[in-house]
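Letters A, B, C and D mark the chains in the order given here, with residues in each chain numbered from 1 onward.
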Amino acid sequence: MLMIAGVIVSVILFGIGLLGMIFRRDLIIKLLSLGLVNGSVMLCLVSLGSRANGIAPIIRGPENAGYVNPLPQALVLSAIVINFAILALALVFVMLLVEHYHSTDSQRIEHEIKREREL
Amino acid sequence: MRHRRIGLIIYATILVCCFCGLVIVFFSYQEPARELGTIYLSRAPSETGAANIVSAIYLNYRLYDTLFEILIFSVAVLGVRFYLSDYREKEIVEKIPESQIVRTSADLFFPPIFLIGIYLTLSGHLSPGGGFSGGVVAGTALLLCAVALGANTVGKRFYEPTLRWLEWGVLLVVLSLPLLPIVVDRLPFTELLPPGTMGKVISGGSIPIYNLLIGIKVFIGTWVIIHYFMRHRGEI
Amino acid sequence: MVLLVLLSMLPVLAAFALSRRRHLTVIVGMGLFSLILSAVYLLLHAPDVAVTEAAINAALVTFVYIIAIRKTGRLVVVSDEIPGLLHREGEQISGLEHEILSGFARQLGLELVIRFLPVEQIPRALQQGEADIGAGGIISEIDDNRVLKTQGYLPTALYHLSIQTKPHLKQEESAITGFFSDLREEFQAGKIQACTLDLARFVALSRSDLSPYTVRRLDGLFSYIFLIAPARERLHHQFVSYLSKLEEGGELEKLTRRYFS
Amino acid sequence: MTIIVLLPLLHFVFAVLCLSWQRGTRGIIVAALLIDTILLGVLFAVLDQAGSISITLGGWGRNVGIELVADRTSLVFGFLTLFLEGSILLYLWREHLQPYFFMLLHLLLGAVFAVLFAQDLFNIYVIMELLTLVSFLLVGYGKRPYQIWASLKYLFLASLGMGIYLLGVAVVYYHAGTMNLGLIATQLTEQQDTTWVLLASSLLVTGIAVKAGIFVFSLWLPAAHASASPAVSALLSGLVIKMGVVVLLKLAAIFPLSGSLLVLGSLTGILGIIYAITTYELKYMLAFCTLSQIGYLLIGIGTGSKVALSGTLCYAFAHGLFKGLLFLAAGSAIQATGKKDIRELIMERSNISLITRAALLIGTLGIIGLPPFAGFCGKALLNAGTQSYVTQIVLALLSFGTVVSFARLIPLFRFEGGGYLPRTKSLSFLILALPIVLFFPLTHLFVPAWQWQTSLNISLFIKNLVVIGMGILLARPIANHFPHLEKRFFRLEEAAVVILSGFFLVFLLLLFA
């Protein structure tokens, strides 16, 4: 039940991120949407590993029951850092573009580049 | 043109909705037959000696992935440095007025946050945390200082070439540690240190070592990213 | 239960944040989203992920993005204050040039920032990259190759004022130094012997007493232009095409009539 | 067995060394090349005995650890990497590049080797992300605005693709309980209800397809490959794209993908070649051509027979060689004349060095598949491997289209004096040109002799020559009368929508297969 709720929310977030990526013309907002897309997949992974009344996977005693699945969490740790790297690097590139075109509008930039190519 | 755009909007919205629906339906249609991940829970404490199973997986069973992740982080730091380096440097005209409140709060908060960072780094095998989050938290503490005192003032305290050497040296060590077992004629990535008693400060084999190295690396990387952004973008 | 509430907040917050216009709102909204997400991770029994998410996405990413957007989107204009062209009305700035510039800034999606500067300092400010555009009744005759110029957007005339009865034969230096508002005071105090003025300044001055001066209209066709910083060739190109579009569309004429009827 | 860990990790060590020891960059390059050659040689010897070797890192069993596997496929692509590495490093020998560039280069090579041996879905995800980031930075290395935009577009779409892929990994893990490809295969045979495979495989394929240069998914490719510097284009087109194909190969061995890959292959082949025919800008033409050539590989994977798989390997190897050569030579031709358009290049051919033109000629002969050059071998095996007539017609159409698009280059090859070319660059062309010419004997190393016996016959030669002849004859009329093509899909927003549509295409194909 809990798990399905998490998955549903994460898939909805994935959809919101996708819509943001497609419809927002502003590059910075596009980037944050991309971050949301990747972040939602992480939520999906973590909630797949979760269970009702679980315990965090940090062993405190000899009994061996009730812990949630640790593997997705380990994977998500990697994915978060990767997501950060992408967001930071893409931001630098967006800054370079803004420096040149004075705009964060993707369609305008695309238009300008097309015009430059034709010149 | 306008019609096209509206058409695109409708089409894309329908696609996204279908996609979400499809994934949700598939997830709820079929449940897994068995419980997952129990194998790590049963094996990790005795095999790795780490109480935190997540870091046992992260830094022992799946260390190979983590190496790539560290490389990705390093590439990000390097990319930020390379692409911002000839970006027009902002003269820092607008400085935060030297208000007593900001300075005092920086003085007040810097030590505890920094200590939390170090704690998270060093106790990664026992409790939540680890090199990555610890390094970032420590870097954020420095960020607080930078906001209060100015990035250049803080930046002067770190001699950049040394920092660079340390950063790459640590990365080199992290990359070559897994290859060390070859010297003693074992397969690479084999754990050489004993796992120790679970729950003790010194336990978990080489996990604390990796945590420390990653923590240093990430701390420096975070600082470099913040510093470069501040230098070329002006301060908060 | 708390978990379900937080989970249901996530899409709402994300949709809200991503549909905003201002960058700052979007970024802070997404930072808040990450914070809630990390709380969700904590409640899903993933403390490691929660710590990392809070440290990286909620703190670091938000911070870096806020720094990055801080100075995007500014169009810095340096100008002298000229009634009719660009002048202060209480808190507001209005005038024909202001109208043109703000339209241009809106088209580029930039925030218009106006700094007032004496006319003779404008080229230097442009050259040093302190500003993007120079405005404030600049005459097409200006002889300065260090900055870029647009085409004339409004015809004007030059007037020579002198206090002697005979017009000077010798070519004088341009007397327009310092802010125009100071100039006006000096005129009223009678400190100025002779100078050359453009139409807008002349009209503004003529409201005060000009009787001691002889006024002579100079021959030739003059018009007002804008100056662009030499490093901003693209901006120059965009501005020139914007001006010609205004002219072709007849909007320039409409604006001119509004301010100089 | 240590080799398959050493190959990627040593490159990463070299990458770090490049940055911290800046004066020794050239020494490091030579050392890396030598070590790669030795390690691959050893690997070849080992694989010749064993067929395939595997290692589980840390010695923890493959249900908890990460497994690496080396087989014939990884060997072939490993040698391709070696050739391209040597040639590109020679090409760049005289150029003043920052150590940063070489670091990225080594990271790229390391990631490529890692993909070849990867056997774990999440591991593949991480490596692919590293590959994405590094190629993103390499494309934008020149810092020109169009390069920056092309690479940013690449990052956006590739990262979206990897997000979709990760969702697929989540589905697989949830149902199969493992991410190891071998264990997933056993799970698939054990489980009764495997409906989830439908969703999982379409997510995985969509995600990888964005990186693999398949037409409907990789609409970032033409801009990125055309605006990067020549050496980077050669690497991306020759090598990085292939890594997506390698992953598809691995996936196809487990999931039932054959039908959908056949359709995708035909689609990307034909659409790519149509765009290539109508493009006159040389580098863009080459980039579109890459999209179409991936079609051959997908058709080979989709067919799935042993001969066809050998053909895929052969063609992937050959394509890496000649596309690398073409991009390098095109880069130096464009550098010599300052022109990008094929027609203008032909006008100024006297400024292009003779060696560059010869390299372009060899690359062209390779790609149009004139026997016995490189392209022919792969095409012959692919042809022999497929039984269905539809596939064979598609293959013939692809060949024909390739000839048509490259026939426009023929006027370049008049024998007359030309400009100067540094010796290192000539040598770098030679490294790639030699195996293209001598490809047939080379293939005996990894294609069993019986496959050649079944696939080579006289009718194949005739068919090939007829296609080439017709292509050259009809090139001009076809190119002149081609309708204008829509280029709107290459914009960022539309490309993202198209990727999503592509997902549904894959899903439906899998559903009805």
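Quick note on the criterion: a residue touches a chain if its C-beta (ideal position, glycine included) is under 8 Å from a C-beta of that chain, and two chains touch if they have at least 3 such contacts.
Source: prediction; values computed, not measured.
**Q** Spell out the chains that contact chain A while also contacting chain D.
**A** B
**Q** Across the interfaces A-B and B-C, which one involves more C-beta pairs in contact?
**A** A-B
**Q** Can you tell me which chain is nearest the middle of the complex, judged by mean CA position?
**A** Per-chain C-alpha centroids compared to the overall one single out A.
**Q** Whole-Å distance, chain A centre to chain B centre, using C-alpha means?
**A** Between these chains, centre-to-centre, one finds 16 Å.
**Q** Could you put a whole-Å number on the gap between the CA centroids of chain C and chain D?
**A** So the centre of chain C lies 50 Å away from the centre of chain D.
**Q** Counting in whole Å, what is the centre-to-centre distance of chain B and chain C, each centre being its mean C-alpha position?
**A** 42
**Q** Determine the centre-to-centre distance between chain A and chain C, using the mean Cα coordinates as centres, and give it in whole Å.
**A** 37
**Q** Touching at least two other chains at once: which residues of chain D meet that condition?
**A** Residues 122, 126, 129, 133, 137, 140, 143, 167, 173-174, 493, 497, 500.
**Q** Quick check on chain B: which residues sit in contact with 2+ other chains?
**A** Expected reply: 12, 16, 19, 23, 27, 36, 40, 52, 54-55, 62, 65, 68-69, 72, 75-76, 79, 83, 88, 127-128, 130, 132, 225, 233.
**Q** Using the touch definition from the top, which residues of chain A touch two or more other chains?
**A** Answer for chain A, listing residues that touch two or more other chains: 12, 14, 18, 22-23, 49, 56-58, 68, 71-75, 77-78, 81-82, 84-86, 88-89, 93-96, 100-101.
**Q** Between which chains does touch occur?
**A** Contact pairs between chains: A-B, A-C, A-D, B-C, B-D.
**Q** Contact residues on chain B for chain D in the complex?
**A** Residues of chain B touching chain D: 8, 11-12, 15-16, 18-19, 22-23, 26-27, 29-30, 32-34, 36, 39-40, 43, 47, 60-65, 67-69, 71-72, 75-76, 78-79, 82-83, 86, 164-165, 168-169, 171-172, 175-176, 178-179, 182, 187-191.
**Q** Provide the residue numbers of chain A that touch chain D in the complex, in ascending order.
**A** Listed in rising order, the residues of chain A that touch chain D are 14, 18, 21-23, 25, 27, 30, 34, 37-38, 41, 44-45, 48, 71-72, 75, 78-79, 82, 85-86, 89-90, 93-94, 96-97, 100-101, 106-107, 109-110, 113, 116-117.
**Q** Within the complex, which stretch of chain D touches chain A?
**A** Of all residues in chain D, those touching chain A are 122, 125-126, 129, 133, 136-137, 140, 143, 145-146, 148-149, 151-152, 155-156, 159-160, 162-163, 166-167, 170, 173-174, 491-493, 496-497, 500.
**Q** Considering only the defined contacts, which chain A positions touch chain C in the complex?
**A** 2, 5-6, 9, 12-13, 16-17, 20, 24, 26, 28-29, 32-33, 35-36, 39, 42-43, 46-47, 49-50, 54-58, 68, 73-74, 76-77, 80-81, 83-84, 87-88, 91, 94-95, 98, 100-105
**Q** Using the touch definition from the top, list the residues of chain A that touch chain B in their complex.
**A** Those in contact with chain B are residues 4, 7-8, 11-12, 14-15, 18-19, 22-23, 49, 56-60, 64, 67-75, 77-78, 81-82, 84-86, 88-89, 92-93, 95-96, 99.
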